[in-house]
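What follows is a pair of complexes built around chain A, which joins chain B in one and chain C in the other.
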Partner chain A sequence: MARKLLLEKANVPGIRGYEVYRREGGYASVEKALKNMTPDQVTDEVKKSGLRGRGGAGFPTGMKWSFLAKPEGVPRYLVCNADESEPGTFKDRYLMEFLPHLLIEGLIVSSYALGSKATYIYIRGEYAWIPDILEQAIAEARAAGFLGKNILGTGFDCEIYVHRGAGAYICGEETALLESLEGKRGNPRIKPPFPAVRGAWDCPTVVNNVETLAAVVPIMNIGGEEYAKIGVGKSTGTKLISACGNINKPGVYEIDMTISVEEFIYSDEYCGGIANGKRLKACIPGGSSVPILPANLLLKTVKGEKRMMNYESLSDGGFPKGSMMGSGGFIVLDEDQCVVKHTLTLARFYRHESCGQCSPCREGTGWMEKILKNIDTGKGKKSDIDLLWDIQRKIEGNTICPLGDAAAWPVAAAIRHFRDEFEWHVDNPQECLVRNYGLAHYADPLEIATPA
Partner chain B sequence: MAEEKKLLKVTIDNITVEVEPGTSILQAARKIGGDVAPPAMCYYSKLKGTGGKCRTCLVEVAAGSTADPRPMPKLVASCRTNVMDGMVVKNITSEKVIDARNGVVEMLLINHPLDCPICDQAGECHLQDLSYENGRPGTRYEFARRTFEKHDLGPYIQLHMTRCILCYRCVFTADQLTNKRVHGVLDRGDHSEIATYIHQSLDNDFIGNIIDVCPVGALTDKTFRFKNRVWFLKPVDAHRDCNHPGCKGKVTLWYRGDEVFRVTARKDQWGEVEDWICNECRFEKKKTSDWTIEGPTKVSRHSVISQGHYVGVQRPQEVLYDVLDGRKPKLLMDIHSVSEVNRPDIDLSKIEGPAHSTDFKND
Partner chain C sequence: MVQFSDEKLKKVNEIVGRYPEGKQKSALLPVLHLAQEEFGGWLSVETMDYVATLLKLEPIEVYEVATFYSMYNLKPVGRYMFEVCQTGPCMLRGSDDIIDYIKKKLGIGVGETTPDGLFTLKTVECLGACGYAPMMQLGKHFREHLTPEKVDQIIEECRRTAAANN
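And now, the complex of A and B:
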């Protein structure tokens, strides 16, 4: 049984309320940090832990915090990114819904470390019922003296505000989130300047994911060095994975990044195998925008090693032969799924969610969707596949924010690994409407190139 | 005494210039001029906060600065990236840039109606110039182009949303020139559009300037609509004493015969307005007697309009020699990549005179 740090108490009855949470040892990290440590010591502890941002990019959190500009007389802000809109990712929702006090606790400690007196939780509009849960938790924490003026008599003031988004994927991009928080249209800003220098209302700002901020609590409780011992290499600590798709037990799992992908999918402790006794065809290991991998490349890296559930191993082989940890939205496809249709679904999503600010993403996402729709409905041409490849190549890297990349990568990976399935769709326009390509050779053992 | 500002050296396409700190790569390139200056569809030096959106001005930064000579991993928007001392930038000498720009032009055009034959902007349209210079001959787009419901913006300004490339310039203009912005960008993604949310007309005294800043024919002058093609008109500089504070009354009159067809602000060689003008000057004063004529406008933009036989056309400076390091631009193609009858060490652009068979002799 793997060690749990975040979800350890998730099943305690009444943990959503302050009384039970406090009885189970909650808010100990606030007392520890505010009474015995300086803000810099807290930041150092997070640095030592090797915690990496859980929102998708995996940037070291301690380093991000140390980049925060600290000019005199200018307020600093901490913003919690709860705009979890990546298809397939629902770990933050689980945390906020069942352990709201864990997030509030992490926010207070992080606010103290960063000197933020007004901290915001930007939550996506679709999570309509969660702001009430969070506001309840904030009110309880304030009543207990953990928020407001002069917290625990230490002279530190902090308020937490919950801000509801209006339901836009793009507002999960940190600068678009800040624009939206300021009450403007959620268009990503052009960087530099980065939010650490000029963020919300032109003041230095740190934007962190919900899970990242929640992970600060166990780091403070057990110490950064102890936290860094969990996991492997630069993938320290535990990670929440939201598994979905054709598996027996979809849900949110906490893993310590030392297990293999194969174990994660097939063991009863986690996903419990593929549903209905089908075979595994493909998987997106980190939320919809990371490259899709066929079964053979998913379970073994191109070197023939077992692929593990951590940042390094999942990205082993780079984009041609690997994928990314991303935000932990683990989407499993069985042999009955059609990769073309699946790619079309993602393309439609990105087309709908593009903010329309810069031209390659605005026009390219719509174009890709139309071509994919043609291929899916049997009206495609062979040249369309090459055209798709060219379009995604011209979007990737040429846009203001990573949404362009996120829209291009799934298409690129699908063509790269499943090109014959696309070609089959073009060659069999009638047949592709009534049946799927099936598993084909996507689970065949990899040919390991032996060094000459 | 003011402290002397340290100038930064930046090399763009093999040409080095010295610029003040805080200058963008695009501004530095415009200082060199000619083909080295990247095209800009959304950036407008007179409007704060513009740029970065259209991605046509992408350049490759081959070396970040003297202190940190690492190249930047991605192409950067030159309009919003400031130069550093010792920066090395590649614009037209980078294949990556040419390729990316080609892609951007294609993306801009896939939903553009290409109704140039009936568009009032034709001839002075930045998208036309851009696609002539960087576009491909045909389109690969096989779908119906995007259309929008019509919006009426009042008696002066005609909106053709299908032509819009969403540069946001008109939004910034209304924000910075007028006291109240009533139009903006609605919706998102490829269905976003410029409109007033509740139908109302734009009637601010300076709102006419959004016609001048629009790089395409999305916002056109209703008083000039379908009256004439711009290349048949003769631009003449003129001024009048305008009572409106903020308007200097310096304009360009566009004549055909002795009739003034339209009045616009004066534009510089990058197509940017020199001084904003008020609606009265632009829409109401269309008689020669309203104006003091200064003389023919010096046309310096290398657009279709300069193909007309105007007095004193200023050609853009030729920079190809400098880009090629002083060599003559007789061979832009590398012969080594197409021919095997050569000496591998010879660079054709370095030999004097035309190349002969002797230049390729192996012995």
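And now, the complex of A and C:
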């Protein structure tokens, strides 16, 4: 059983409320940080932990914090990114829904480290029932003296506010999020200046993911060095993985990044194997924008090593032969699934979510969707596959924000690894309407993946 | 006439107070949510103009935001809006069949409202419930692990609630 740092108490009855949370040791990190440490010491502890941003980019959190500009007399802000919208990802929702105080505790400590007296949780609009849960937790923390003026008599003032979005994936991009927080369209800003210098209302701002900020609590409790000992290499601590698709046990799991992908999929402790006794065809291991991998490349790297559930191993082989940890949205496809259809749904998603600022993304995502739809419905041409490849290449790297890349990568990886399936659709326009391509040449290496 | 009650106006003031002084534009998204809830489930031009006046904004600043975000309805919708997710993870678990079932059951297409004004069917992109697919948003909450039987129950439940409130 892997060590749990975030979800350890998730099943304690009543943990959503302050009383139980406090009795179980909650808010100890606030007392430790505010009473015994300077803000810089807290930041140092986070640096030592090796914690990397859990929203998808994996940037070292302590380093991000140390970039925050601190001009005299200018307010600084911490903004919690709870705009979880990457298809396959639903871990932050779980944390906020069932352990709201863990997030609030992490936010108070982080606000102290960064000097944020007004901290905002930007939550996606569709999680419409969660603001009530968070606001309840905020009210309870405030009543207990952990928020408000002069917290624990230390002179530190802090308020936390919940700001609800209104349905826009793009607002998960930090500068689009700040625009949205300011009451505007979610159009990403050109960087630099980075939010650390000019963020919310032109003031220095740090934007961190929900899970990242919750992880600050165990880091403070056990110490940064101890936290860094969990995991492997630069993948320190624990990571929440939200597993979905054709598996027996979809859900949110906390892993310590030392287990293999195979164990994660087949062990009863995690996904419990492929649903209905089917075989594994492919998987997107880190949210819809990271490359899809066929079963053979998913379970073993090109070097023939077991692929592990951590940042380095998942990206081993680069984009041609690897993928990414991303947001931890783990999407599993069984042998009956059609990669063309699945890629089409993702292309439609990105077309829908493109903010429209940059032509390559605005136009390109629409073209990709149309072409994929043609191929999926038996109206495609062979040349369409090359055209798709060409379009995705022209989007990648040519947009203000990474949404363009995120839209290009799934299409690129699908063609790279499943080109024969695309060609089969073109060659069999009638048959592709009534049956799926199946496993084909990916079947052989799957012996290792067949459930016992 | 579009006009918040005193209680809602207090709420608007509380929302504006969350942001730095002079930055009341930041309150636009939450206040639009409030307006949509209060004024029939959608944002008419009149409603948007009212919100603009309340927050001391130009009307265009409200329109450009209302048209950007998918949760603001710019046309009237049914009393119950079924927003069914159709993105990859839900598709893998049969969301297409659920959408077809709802279409047949209610006799409407995607984007349409039943003649009695009770139901609107909408397809949406990933709502963050991938592990509990297929799913839909209904008002403030998610309805997950959908099956045809569950859809029947939800429709019944909506009809009962509507009848009881009429």
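What we mean here is this: the second predicted complex is superposed on the first by the 444 of 452 C-alpha atoms of A that agree within 3 Å, B and C clash if a C-alpha of one lies under 4 Å from a C-alpha of the other, contacts with A are read in each partner's own complex, and residues count from 1 in each chain.
Just so it is clear, a contact is a pair of C-beta atoms (placed from the backbone, for glycine too) under 8 Å apart; a residue touches a chain by one contact, two chains touch by 3 or more.
Just so we're clear, the structure is a prediction, and the values are computed from it rather than from any experiment.
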- prompt: What is the contact status of A:M63 with respect to chain B (first) and chain C (second): first, second, both, or neither?
  reply: neither
Message: For A:L433 in the superposed arrangement: first (chain B), second (chain C), both or neither?
response: neither
Message: Going by the contact rule set out at the top, does A:E363 touch chain B (first), chain C (second), both, or neither?
response: first
Query: Just chain B (first), just chain C (second), both, or neither: which does A:H342 touch?
result: second
Touching partner for A:K394 - first (chain B), second (chain C), both, neither: first
Message: Between chain B and chain C, whom does A:G183 touch in the aligned arrangement: first, second, both, or neither?
response: second
Query: More residues of chain A are touched by which chain, chain B or chain C?
result: C
- request: Examine A:A139 and indicate which partner it touches, taking first as chain B and second as chain C; both and neither are also allowed.
  value: neither
- request: Could you tell me if A:V74 is touching chain B, chain C, both of them or neither one (first, second, both, neither)?
  value: neither
Message: Looking at A:E353, would you say it contacts chain B, chain C, both, or neither? Reply first, second, both or neither.
response: both
Message: Based on the A-chain superposition described above, do chain B and chain C contact any of the same residues on chain A, and if so which?
response: 168, 185, 352-353, 355
Task: Please name which positions on chain A make contact with chain B in the complex.
output: 168, 170, 185, 190, 351-360, 362-367, 370, 387, 390, 393-395, 397-400
Field: Residues of chain B defined as touching chain A within the complex
entry: 51-56, 58, 74-75, 77, 80, 99-100, 103-104, 106-108, 110-111, 140-141, 143, 146, 165-166, 168, 184-185, 187-192
Message: Under the definition above, what is the set of chain A residues touching chain C in their complex?
response: 75, 84-90, 93, 118, 120, 124-129, 161, 163-169, 180-186, 201, 242-246, 250-252, 284, 288, 329, 331, 333, 337, 341-342, 345-346, 348-349, 352-353, 355
Contact footprint of chain A on chain C as seen in their complex: 18, 20, 23, 25-30, 32-33, 55, 61, 64-65, 68-72, 86-89, 91-93, 124-133, 137, 139-141
